[in-house]
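Next come two complexes, and both contain subunit A; in the first it sits with subunit B, in the second with subunit C.
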Partner chain A sequence: MNVDNVMVRAVRLTKRYAAGRAEKVALREVSLAIPAGQFWVITGPSGSGKTTLLGLLAGMIAPTSGEAHLAGRPITHLRDHHRALVRRRLVGMVFQEFALVSGMSLEENLFLPWVPQGGAGRAERARARALLERFGLAEFAPTPVERLSAGERQRGALIRALVADAPILMLDEPTAALDSENVRTLLALLLALRDEGRTILATTHDRRLAEDPRVDGVLRLVDGVLEP
Partner chain B sequence: MKRQLALICFALGSARRRAGRSFALGFALALVTFALSAVLFLTEALRREFRLAVATLPDLTVQQLAAGRPALIAEQEQAAIAAIPGVIAARPRVWGYYFVSSLSGNFTVVGVDTDDGAVRRDLALVSMNGRLPSSNVSGEVVMGAAAAAFFGLEPGDAITLPVGRAEKRLQLVGVFRSEVGLWTADVLLMSEADAREFLHVPPGYCTDLAVHLSTPDEATVVARKIADRLPGARIVDRQLMARTYDLTFDTRGGLLGAMLLPALVAFLVLVWDRLTGVGTGERREIGVLKAVGWQTGDVLLARSWENAAIAFQGAAVGIVGAYLYVFGARAPGLAEVLMGWSTLYPALRLTPAVEGGQMLVLLCLAVIPFVVAGLVPAWRVATQDPHGLLRGTV
Partner chain C sequence: MLTNFLNLWILARLAQATAATVLCLGGMALGLRLLRRWQPGRFSEQQLALERQTELVASVMQVALILEVLGLGLSVLVADHLAGGIRGAMCAFGVLASTRAGFAGLLVSLLTAVVCGLWMILHRFDLHLETPVLTHRKFAWLLPVGALALADLALTVAFVWQLDFKVIASCCSVWVDAAEVNNSPVVQVLRPLPAGLVGLVAASTATVAAAAVARRPTRLLAGVACIASALAPVLVLPAILGVVAPHALGTPTHFCPFCLFHRPGGGIGWPLFGGMLWGSVAGMGLGVVELNRAAAGDEEAVRAFEMTLGRWSVWGWLCALGSGVFPVARYWLFSGGVSVFGKV
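On to the complex of A and B.
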């Protein structure tokens, strides 16, 4: 694999948590490389470390050892505020429970990442409008997110991740709250985004996603170890 | 600026989203600010009234004592005092208290010679509606605003009051304004002859002697000389009186303020406790913000604005409430504590007198500790892994 073409890389990533006096190994020496413009899926049973791996790759968790790289840059040893900047510029993240702020409208949630910069600019607003249209949520823009269905919230979270136009999209269990029809819609959207050039990494239990032939690669985690 | 505005908008939205918590904290802060502001406003308003009153006093007031109590003083002593170097004038004054048993009202009757230029100059300092009573016309009176209201009189009206077993008809020719209410509230100002009649002061005697000096700073020296010439007299020094009032209000106001400090501390403990226990929803929200790229500083800034907005609103409500309580409702409960040594009849209405500096101090006292108390717990949460905050594992 051409190293220059790798968008997401993990080098012997290990994460240990203190569990009382004992220590729990969530992830053990995981190494991987996801090429740019591909759609990869991480599968594995509950508690296997999928979400932790995604958090480490997105720079949201500091590893115990090892190194994570995004777009060729190591992010592990960056200070908190630099990691936040990298996350904002390079990664669009969709969380399992959508991570939308209740009490705020869908539109306010979409522009949350830009608040510390003085609010979203014209480009972001135009992109958000286009994405809301594309995902069929234009009419729900002013609706408080707690009034949206699970599928609508899922798409809303995806739009927020895409408004920044970040080259990497990471999704944690994106189909967990969706029915079959919404899973099909989401998969089609993700494949379209991949075809537009985004690198996509999703964790999932869902066979429909993991076994779809259009997905570029599947990684399987068991007890914090990546299976060969 | 744009960044701060965006964070302020977000913070205001957050305060609205957590309306219950915001209301509880704002309400508690309003109560504490109300109590502190009420003490401060009332103390300052009383101090101002007394300063105004003291400013119109003579440099020295000489009273005769008999059996340790004030007694009438012979007017002939006036000449002896006037001869002391440094004394410009020593004027006999006729005044005293007049009780109307049928109305249960106690009033201060003051007799003045309005033909005397010096008296007119002193009275010109006192704000009033109408005119002064004539010296040579019997039956004219100027009343304090509270006294006039008590009798239900307006300038031009007349009233008949008992004088011993007889009665005397008085016509109201003027009313002192409420801004000098503390020292004119219960005053009935009339000609000296009418005052003698009301108070039963015989000719040749007066209540006291008002002594004016060329150099007020020498009051102590002159007072000693007067005491040498009039053994048994009591001499009241205006400057001493002003210092006494100031000390009295400083002490009482300070004491009340000190009593309120535990309330402020209790409130801060409550804030600390409330904000330390950042709820699951709030922790998750901070996790979302961090996850979408907010830095720890951004989160803290937004929380500071949110807390400042709550504190500012709470403090503003407390201050406005205290203003209405002190100057509108006359501070029931508190006024008795601060003015406890004398009860004024008719009721006193204080003139609103609040300085911008006072407001600033009150706002700072309320807002700054509140914002600071909320920062540490927010910092503790904001420095956690966003991933852990979202999953509820930290």
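On to the complex of A and C.
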């Protein structure tokens, strides 16, 4: 594989957690390379280390050893502040429980990532409006998120991840709370985003997503080790 | 003497010096380990753990070094407070002069405070960079810092041990009188007009150079500001002794810098010397940044940090300048254009 074309790369990533006096190995020397503009899925049973791997690749968790690269840039040695800046620029993240804040409207939730910078700019607001229209949520912009259905919240979380126009989209168990109809809608959206040039990496143990023939690659993680 | 160690002020100074030294020695220990095991660019478990450890230890070191800088002020404060217990000592001068370790200890405290300040600047600069490229150097520099902290603690203990509350000490005026009688070169240096002018020019040059760096940092300006900030305290000191102190204390022959910390001197010693230390260390910090420019490899970070340092230096020097000019201006104003030395 041409290294220049790789958007997300892991080299012997290992993560160990302290569990009391014992130590739990969440990931063991995981290496992978996701080419730009492709849609890859990481599958595996619960507790296999999928979320940890996604967190390491996104630079949200520091590895015990090994290195992660985003868009060809190593992020492991970066200081927390600089890693956060790189992540904000390169990665849009959709969390398992959507991580939308109850009591706030969908629109307010979309701009939460910009709070540390003093609020979203004109470009982000315009992009958010366009994405709300595209994903059929324009009318729900002022609605408190707890009043939205699971599918609407999922799409809301997806819009929030896309407002920054990051080239990489990472999703943690995106279909966990969705019925079949919403899974189809989400998959269609993700494939459309892939076709526009975004690199997409999703963890799931949902076979509807993992076995879809339009997905470019599937990685299987078992007990913190990538199966060949 | 052992009973000296029971004085609360002395205990406070010893506690500060001990805490700072223990923390510094801990930092030194990590520094030594780091110098042996640091492998830049490697992603091994040992290297990544070391990187995380250095971030944590550096944060703790910041506290230790702030304690060391505060130790300098505490040294003066303790000596000043003890003056009440030693006959003949009117201020910290008499107390420090009554022991062999007094002034040597103060000098080492000052040197430690300056070196600690410069280390903190290197640390802040390192934190500005994306990756810990200066961490190895930073921890190597902890070795002399730790040695100085240890020397500071040792001299503080020696000073306390040598303190004798039964001795009759000399006050600052005795030293000045003796210098006057012997026509000592010290008195020649303190001639008001040249000393004042040299001091004013030196402090102004340091301020202007730092302001220029704060506006548009270049290698040349940073170098000039660094040298000006390093030289200015030496050139300003005669002005403080020869012009500021007599005006602040209202006596033409009262040159004692320690009396400026007292109420009759308006307590201007604190902003005056504090501002000088701040401005000078920040200015010299520009030299530290320049020395590490190539290793940092991030021109934008260097530029932004030098602008910040330049601003800090300006504020420090302005504080010192204001505190120095204020008593002279006030004297002139209230006496109708007459200086403490007579009509000019």
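Just so it is clear, the second predicted complex is superposed on the first by the 228 of 228 C-alpha atoms of A that agree within 3 Å, B and C clash if a C-alpha of one lies under 4 Å from a C-alpha of the other, contacts with A are read in each partner's own complex, and residues count from 1 in each chain.
Criterion: a contact is a pair of C-beta atoms (placed from the backbone, for glycine too) under 8 Å apart; a residue touches a chain by one contact, two chains touch by 3 or more.
The structure displayed is predicted, hence computed values, not measured ones.
In the superposed model built on subunit A, check whether subunit B and subunit C fit or clash.
After superposition on subunit A, subunit B vs subunit C: fit, no clash.
Which of the two partners, first being subunit B and second being subunit C, lies in contact with A:Gly118: first, second, both, or neither?
A:Gly118 contacts subunit B only, not subunit C.
Touching A:Ser65 in the superposition: subunit B (first), subunit C (second), both, neither?
Once the two structures are laid over each other on A, A:Ser65 reaches subunit C alone.
So, does A:Thr14 touch the first partner subunit B, the second partner subunit C, both, or neither?
second
I want to verify the contact counts: of subunit B and subunit C, which reaches more residues of subunit A?
Larger number of subunit A residues touched: B.
Name the contact category of A:Arg88: first (subunit B only), second (subunit C only), both, or neither.
Once the two structures are laid over each other on A, A:Arg88 reaches subunit B alone.
Name the contact category of A:Ser102: first (subunit B only), second (subunit C only), both, or neither.
Once the two structures are laid over each other on A, A:Ser102 reaches subunit B alone.
In the superposition on the shared chain, how near does any CA atom of subunit B get to one of subunit C? Answer in angstrom.
Between subunit B and subunit C, the minimum C-alpha distance equals 12 Å.
Indicate the residue numbers of subunit A shared between its subunit B interface and its subunit C interface, in ascending order.
Of subunit A, residues 62 contact subunit B in one complex and subunit C in the other.
Write out the stretch or stretches of subunit A touching subunit B in their complex.
So the residues of subunit A touching subunit B come out as 51-52, 55, 60-62, 80-81, 84-85, 87-88, 93, 95, 97, 99-104, 108, 112-119, 160.
In the complex formed with subunit A, which residues of subunit B make contact?
Listed in rising order, the residues of subunit B that touch subunit A are 2-3, 5-7, 10, 13, 16-17, 281, 284-285, 287-298, 301-302, 383, 385-388, 390-391.
Can you list the residues on subunit C that touch subunit A in the complex?
41, 43-45, 48-49, 51-52, 55, 127, 129-132
Quick check on the complex: what are the subunit A residues that touch subunit C?
11-12, 14, 62-67, 76-79, 82
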